[in-house]
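Naming follows writing order (A, B, C, D, E, F, G, H, I, J, K and L), and every chain is counted from residue 1.
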């Protein structure tokens, strides 16, 4: 790692299928506007429930990337 | 959301297959006695180990539902 | 549980496939030198990202085992 | 205080008018089924926003009462 | 441990004699209505003081038991 | 909630009149540049004091909104 | 701010009318003996309840002032 | 409780015999200069060890009392 | 204290009689292999319950000792 | 302070020479695009190590500035 | 350490030159009125920024000393 | 980073000259017995005071290294 500056942003991703896919959805979407993402850290996992079933997994994450 | 009251209860679910299944087992079981569950939040993930292998995944969660 | 002493060590496991596999890799590896591991607890989940994709899942865990 | 046992339950109250009213709504509603409530403690304050305006104040609280 | 569901409730016990007795008073009292309590975890210890003396020990605890 | 991505930003609002007004001032101001704000969460409440009187209420909050 | 030293003290204020008044009561009372109070920070909000009604709002705060 | 102001101070008590005695030693000593102490809350328990034996129990506590 | 290096390890001790004895059991046992233990700090206290009675006190602690 | 709105962003700065220089590098770099920075708060300090030597100091900080 | 009582006070020191000097300024200033200070613990480090430069380092600390 | 396992140990380093030197002393000393240390993270900074002067800086850190 060179003496660079990194920025950390907090995002929430969702998926009907699971938490890993919710995290990946954040990374995929954020990569369209943020270059050089290097770490995604899980802050909180929860899910929406309807009629006794988990219907939407949510992952709150911190994304860190080079601040250019 | 209408001006309702919600209650939050803390439960631990288990599964031999993974943490998402452990969380789902809590939701399924709790839905038998609690109506209108809307959010399940993960508080802690751990697992029992035996003979060098994970044998039981455990998820401590908060369930929130309408307090009727 | 008999009146024994347990020790807790902090480890980080990694996997290209997911967090459960990252946790299992710690348990498998640690079992070669530590006997009687009984609980693995997740402390933190993050992942390395490259070119807009998650490439390495990491799980920081506490392992508890009998202190003999 | 005599040597009694107290129970603590976690609830979320809401109000369109403010957080104190959201807290009072929890106390009023819970008093219908729980006797001898003595303390309400604020755990978290948030609010729903729509069209640039706060529309619903929410207060997550702990209620403690005699366990009879 | 079989793949069961556990529930966790928060209680406060008191005793004029000490914190261990305060914790035991919670377990004894709760056992009258809750079956299969397995763990009591200390969350907070405090005490009431009067005229320069500790007069009532209080223990806030989490009790976990099978959710049947 | 559809499978969208949400972003969370941390802001501090102020008001000479009270904390709810301080929170509302953040929401009003942020809505000029951020669309689809849905939740404002209180992180910290403090106030400036001068000559023995509260002169400025401050609320540190998290705002979440759709990441488009 | 000049290179001064500040002291922080923890106090609890109460009011039958609301939390802002409880905080102001601390500032007013403390200003009689502490000069140059500059910040009051909320640490915890709770309230006493009697007969299903909030009867006393309490605010635990940190007060910072110049240490002369 | 009347609408009074309370102050909270942080102290560490010690005892060669146990933590409850360490807490009581703080209350006894502090009562010489502080009137109307009402609550002592445990913040941290530790102990000094020498030659494989606990030789001094220490309790860090918060004491709250009327601010007159 | 000379400019030495200290190491901290996390252990869990148990006792059927109380938490102080659980802590002492860790110190006694660890002293067989670790020299120059100087501080034991309580991280968490819980207990196993069976048939409505506390049957095993557990203390999770940090032990610090000279790293030679 | 006038009744303004402030924004807080999380950044990581690095320096081969020390943590204060790592913090200053964040402030210097961020000042190119953010006007009216007023506070930098340290959230976490760590460092990269190679061959038994600290080679890169890192400081995770919060920067607050006027939200114009 | 003899079975004494210690008190802990929270202070903020400042310095234009660095955090260690900010901490030392607290110790030097407090020693004029508090005897037998033995430990200073860092609680938070931040700094004031003006025109893109750190102009005042601040250290919030806990000071512990004999309570005589 | 390849799919390796890392271990984290908690240590306290000391120095009469400053916290960075206290951290470096841990890294230097630990490198004699631990290979492939890669990160040192600061957990807590404090110092011993004597006669109104800081005489020994202490840094509690986590060291992570390859678990081979």
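Here is the rule we use: contacts are C-beta pairs under 8 Å (C-beta built on N, C-alpha and C of every residue); 3 or more make two chains touch, one makes a residue touch a chain.
Quick caveat: nothing in here was measured; it's all calculated off a predicted structure.
The fewest steps needed to get from chain B to chain E, moving only between touching chains, is 1. With steps allowed only between chains in touch, the distance from chain H over to chain L comes to 2.
Think of it this way: of B-D, D-F or F-G, only one pair shares over half of the B-E contact pairs by residue number, and it is B-D. Chain centres here are Cα averages; for chain A and chain L they lie 31 Å apart.
Averaged C-alpha coordinates put the centre of chain B at 39 Å from the centre of chain L.
A separation of 22 Å divides the Cα centre of chain A from that of chain C. Contact of a single residue of chain J with at least two other chains is seen at positions 9, 48. Pairs of chains meeting the touch criterion are A-B, A-C, A-F, A-J, B-C, B-D, B-E, C-I, C-L, D-E, D-F, D-G, E-H, E-I, F-G, F-J, G-H, G-K, H-I, H-K, I-L, J-K, J-L, K-L. If you check the complex, the residues on chain I that touch chain C are 9-16, 25-26, 29-30, 48, 56, 60.
The touching residues of chain F, counted against chain D in their complex, run 20, 23-24, 27-28, 31, 37-42, 63.
Chain I contributes residues 18-19, 44-54, 57 to its touches with chain E in the complex. Of all residues in chain F, only 1-9, 62, 64, 67 touch chain A in the complex they form.
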